[in-house]
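To keep things clear, I will list the structure first and then write my remarks on it.
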């Protein structure tokens, strides 16, 4: 509630145009409303062009169907992350308009394409072919946010010439999401090559000493390349949302 | 080496203006030179207005003095991070122009102030008074990069009204560096309140189950607020460098 | 004290050779003599209105059926915790009076409702919808103990206005059970808002750095809000039992 | 702001007794004020008779002196926890009225004794003589809160008759704080003996597999005795604060 | 000793140039000469009355069948540990004389009962009903070694009177195998009650902070009762073998 | 059983209203009746010839002096374990009769030598020279218990011929305490060579992946040699006490 | 690009025999080409006689079929590691020429046998029968590289005479791959017996404290035998590749 | 073989009842007969030109002096690793011929230079200046073994052009020891560039998530570059010894 609106309300009370009950109802919801408004504004800002997001893991197909249907009725776009193929099939029986992206394991219901963001594409890089699922989760989340992605897959450090072949493309990116399992070395190399924001995503790819992704995670956090930041293991969605926070928004239409 | 310069070189060879030995010397260093150039360019981009950084921990006062003196001679600005007070005193005996910031544990030798970056200040928040050292490391690094900081200290979640008193300031920030030890809950709350980039820094503050900062680190990586990113424990410098990567650069003078 | 010595003592009493005071002194110092009684009394006190509890995990449907049937014959009420739906169905074929609560994963056989405890309801709060199973385990255990619960679900810190909307309700609670997975930040915020006992329950919700609930557990134990206490991961039952210990008992009928 | 006060304010506006500027000033601060008030009320409730608490570890004697002096000026009572003997001596040079308890490592500045709480003493038990420091931290914190403590030290499970000798005392306690290092078994035994609230405190006593207290912590959380709750390693202060939350308050004078 | 030297030595013996004492001295010091014999002797001593042991986990029914059949042909008794019920059924189709003990998960092929060992029975204690499988593995291994066992199940510390009811039996035992999951507190209590050897076995019973048995393991190793020893998680077989090492052997027939 | 009920029972006996059999039945079931005595007996059995043991680590020289002096007055023998040399010197200023063993870090006050135990010496083996302190702690504890020890030091598996040179001695031992840091492999080899009880002691010797002794500990617990048992890291005292439990006692004089 | 070829190119430019566009195309790919060439050379050296390797775990049968078919078309030999039997069956429906080795879990498509390497066989040793799968992965990888292997299985340290029976064979090996699960002690013993390169492979065999192979891994890294090196848990392939790096190559045909 | 049987065999030889071939066959199979010799031979082979090695950490200057003096008298060369500067000074007071290398923290007493090994130098690479101590430990150990080293320091992946500048040198190395702390990424890159043996050494350089070197260790073990092997954290000596095992020996003089 802006000062202007508050003053106007009080003037109406002063002039007797608004009775006390109505004024109190309006004011009583203030304590959290302004905060709410702030939140909502921010949420609006944060979510501008962002579909509602449902975390699909650990929810039944039935539960997901209910949520998606409800949001559909409310006119919201929806992104269901970590959605297994069999559950997606069940959900799509009732919500056929939900589009399923099997590699990214994302279900998407988006009425019209998001407005394109005014920036260069984001480089989404991954070290090995087994990291592609996480990379696609990042790419598709970016797509749903109106942000373009340049896929640079299978450019791990053990065959580092594959990375160098694409340095020029990399240099043009507005940000880089760098995904790696195993020893998680790729972000350190990329962080030394480019000046843009680099968000590192460890993956659970590997066995034994990979420790389910903890080794890559710890390696990325300990990177000798300054200014890297890191998200949770396999969290391609989170990396895309971090990019969403740092790129300029589309100007209001 | 740009295509233009390469063409020009070959034309000079073709026209006989450049002898083969000279051309070969120029070309032989190509394999890594262009890459180096790219790197250097990037480094230049990345380091535009950034002093050289020396990690002071585990180096003797003597070693640090040598490095600082050498960089001083070369005309580089220097930032020595994690520099203990007693070492700083020793270094300053030989390099009195090195300014020491005891809370941030930073030594700084900067001939002229950095060019101010064209953006709103960064909110540097910390949960408790014991996190102030890390927060100051972030603030002073930002300062050395020409980026302003709004200090919001002691706004931890156990007295959450202190945070809410400063929400409006927070909303104006171009990015937030959120520093917390103990259970590391502050970034989750901040991430839900604002839309800007939020970089979380766990600290080693606490005892027992704080596990030297690992608990805060893991909590931040697992945050339910989407799009947070995280750096190493106590790494205020790294958080500032991540901000440096994502904020717009000062236009070339 | 050997049977012989005891018999001899009693014979002396019988023959009037030992007076009662002396005999009692001798018997009273029998080590731990009263302890059993004390224990039994306490067990009675502790279990006043508490059904017998069977930990269902790792037991076969057959074993559970036997235990429930035996307790039923003995007239005891029974609570079977962590009881999977398929096992519950099997048990109910033989013990149809066992009522099954699928979300709480509790089987309950209670002949008459427990006597209501003389206190305000307990706030049972959880951060996300995935924590509801643990929250319901707490609520249903409380119900079986005659303690009312106010459910406040999905009030996690990333959308903290949802929590603040319910602060007044929270203030009226006689205790709060605060359940959260992921980074486990909710109990710290709640602990700073209210003065009543707060029992934190970490859940195994999350992936990667959630470490199966260890991250939330460690975060809660390290909380900067003073006077929180914590129970095992996913242990909604244990939290309810802790509340049972601290609330006043129903007066003897 | 209660509805009554809000109505009264609006009536004054309606009657022209309050001008708009004044009304707006009063209302503008609403968003966080009511929350703040709630907090403050709660804080007041929570802190009724509770001195301000300063965490002494990691602060210099100089910093502690400043804080204590400032609180002294403001008329607040102060408790400095985890205060090393040498720092305490330094602080006491400037604040001689700060009383130092070396075993509990607590500095206390309390003008008049706290009002006694209307409840039986709390049993503060510890397994071995090395746990006495943590036990004293709990006892002295309770004392500062007006809560009596019955010390039962050195009653560990390897000589369990020592515990049983004191069962009757234990039965009369309004709550039990059970402190143990090493394998941390004592709370399980106590939890099976008494019906009152039991708060377990692991300590860092031991070597090798004691893992700095983590073994005792994990053992306590996994206890087979229902309804135990646990606080951080060595956190005698936290256990006392948890007791403070669950015991009845002294009636307003 | 090279063949040449050996031949030369024997030739000297043959020619009478070296007397037998000298030759034996030379040969006796052949490195490790007696070792093999010693090993065999020891193995014989160690295995006196001990069936061959096959670790069943991770072997297919087919592989187990082959091994059992081969040992059967060679006249050896066999114990197959950690043998799942379905595999046992498959093995028994070909080796019907293999007797299967489902709770202990042991397959046993023993032609005649082992000779009884000249000692009192071993107390095999476990804290909860979920530990019974491990306890039975210990009991059945003891039985196959000719050692009697007194089963004391479900005597955990949270209801410590159940343990005390059986103290007299416990006192008569020649050794105690004490099995516990969860917090693993039982061995500490037993170790303080009796003077005989106490071997502690942690089990993987429990969830969350039980950490798959690591909590019980660490607690047992850190026990404050002196002279306890510990074996691997769930290793009832190993505990029985440790008892086998320490009890007197049956005299040669 | 309350005093009232006990008095009433005795009165009935006195009046001849209750016969002895019935009275005894009632009294015999007094829970834990004999337990105290049993405990004391056992403690006596367990401690026959065992000095009182004081854990010296974490206690001040002043505290140790007090305890030792008190025990000295009471006529008890004393063993102070983990006693640093400087503390020992301080204690010996007041208790000059305390003998200090610097390698074992044991202080011993024993008026007359313990009675020799009727058994062959115990083999105390260690893998490297850095394990000697722990080995001496075991040897000196054994000595204080009247048990002889054969020292076999520096027989680690990387030079396994050193071990084999002493196999015959090893075969004659009544038990083996096998001490090793680093990878902790020695107990597995010894356990395969001899049939006697083998108690493994991991040490904190090593760096990096030695993990302060956890690697050796885990390796020993996972040993493929059946029937090994393990004690805490560096716990030479505990291993000796375990041997004390399993060897025959000296016959009563 | 060798200096000779560069000079020749420039001479052609100088002489006008090569136009600028063609020269530039040739030179423009220099920056990474020379490096690539180096890599390729090395890769050629490294891979001389080495089939392409596909990591089969976490890939679908369909994906593996595509890759194998493509490589087959390109004339490359292929090794698919960690290939489950059921997937192998599916792949072989489309690529019947892929030979499947079930114990090694390797699929191999190799047109002609590799050229034999000029060196003695490699000793591939494993401690127990459960380690055979990893051992076979090593042996079959060696075979595909033209390197012979001497299998020494089931020679673990708990029955160390089995190892000593084969010492002479071991002494003739050009390198030793030593595979062990459980406590991982075998490499330390072997490392002390032979002078050749010893590569230790921990396996995930065991339960409880085996920690999925981490215990064996840490034990091997902490080995007291100097000069051992270690690879990832269960990584028989990696050990064979390490041997491949250190053995002499077959001379060019 | 018992003495009786041995005597009987020799008597049969003496009496001519057993021919030599049969006697030899019987004796040759004496278990482990030749083993000792074999061991000694091997040790000789393994240690050809290798000084005796003393692990200096955790030994007093006095102990080291004794060992060095004794070896000196026996004519052995000595290498003392992990020798702190102050201890070295003390030792050198009594053994002035011991040369101390402070960066490598090695004390060396070598009468004449070792014979040079017939192979190209080993590349000893490290990622940062803080790793130089470990690198020098490797270089000086190599030197003592007669193996040359090419130092390539400060070539970490965050400035990867520094590595590429030295690729040609690297390609000529007979083996590479690659040392890195922090995220430990360098060995992966090097392993992809060269075909020679690559031994990775993690260092304890870093803070927070570096976890004292565990992060680098785990990263190296999980490396995506095939055929890398790894040694313990900070173990430059071990890496040099591994190289010693794999390089050809100097021909016998």
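Labels for the chains are A, B, C, D, E, F, G and H, by order of writing; each one numbers its residues from 1.
Going forward, a contact is a pair of C-beta atoms (placed from the backbone, for glycine too) under 8 Å apart; a residue touches a chain by one contact, two chains touch by 3 or more.
Quick caveat: nothing in here was measured; it's all calculated off a predicted structure.
Among the remaining chains, B is positioned farthest from subunit E, on the basis of C-alpha centroids. More contacting C-beta pairs link the chains of E-H than the other of the two pairs C-E and E-H.
Mean C-alpha positions place subunit D and subunit H at a centre distance of 56 Å.
As a whole-number value, the distance joining the C-alpha centres of subunit E and subunit G reads 39 Å.
Looking at subunit C, residues 31-32, 34-36, 39, 159, 164, 192-193, 208-209, 217, 221-222, 226, 232 sit in touch with two or more other chains. Screening every pair of chains for touch gives A-B, A-C, A-D, A-G, A-H, B-C, B-D, B-G, B-H, C-D, C-E, C-F, D-E, D-F, E-F, E-G, E-H, F-G, F-H, G-H.
Against subunit F, in their complex, subunit C makes its touches with residues 1, 3, 6-7, 10-11, 13-14, 16, 20, 23-24, 27-28, 30-37, 39.
Subunit D meets subunit F in the complex at residues 129-130, 159-161, 164, 205, 207-209. Taken in their complex, subunit C has these residues touching subunit E: 32, 35-36, 39, 43, 55, 57-59, 82, 202, 204, 212-213, 217, 232-235. Looking at the complex, you find that subunit C touches subunit B at residues 127-128, 156-160, 182-185, 188-189, 191-193, 206, 208-211, 214-216, 218-226. Contact residues of subunit G toward subunit H in the complex are 35, 38-39, 42-43, 45-46, 53, 161, 164-165, 167-168, 171, 175, 192-199, 217, 221-222, 226-232, 237-239, 241-242, 244-246.
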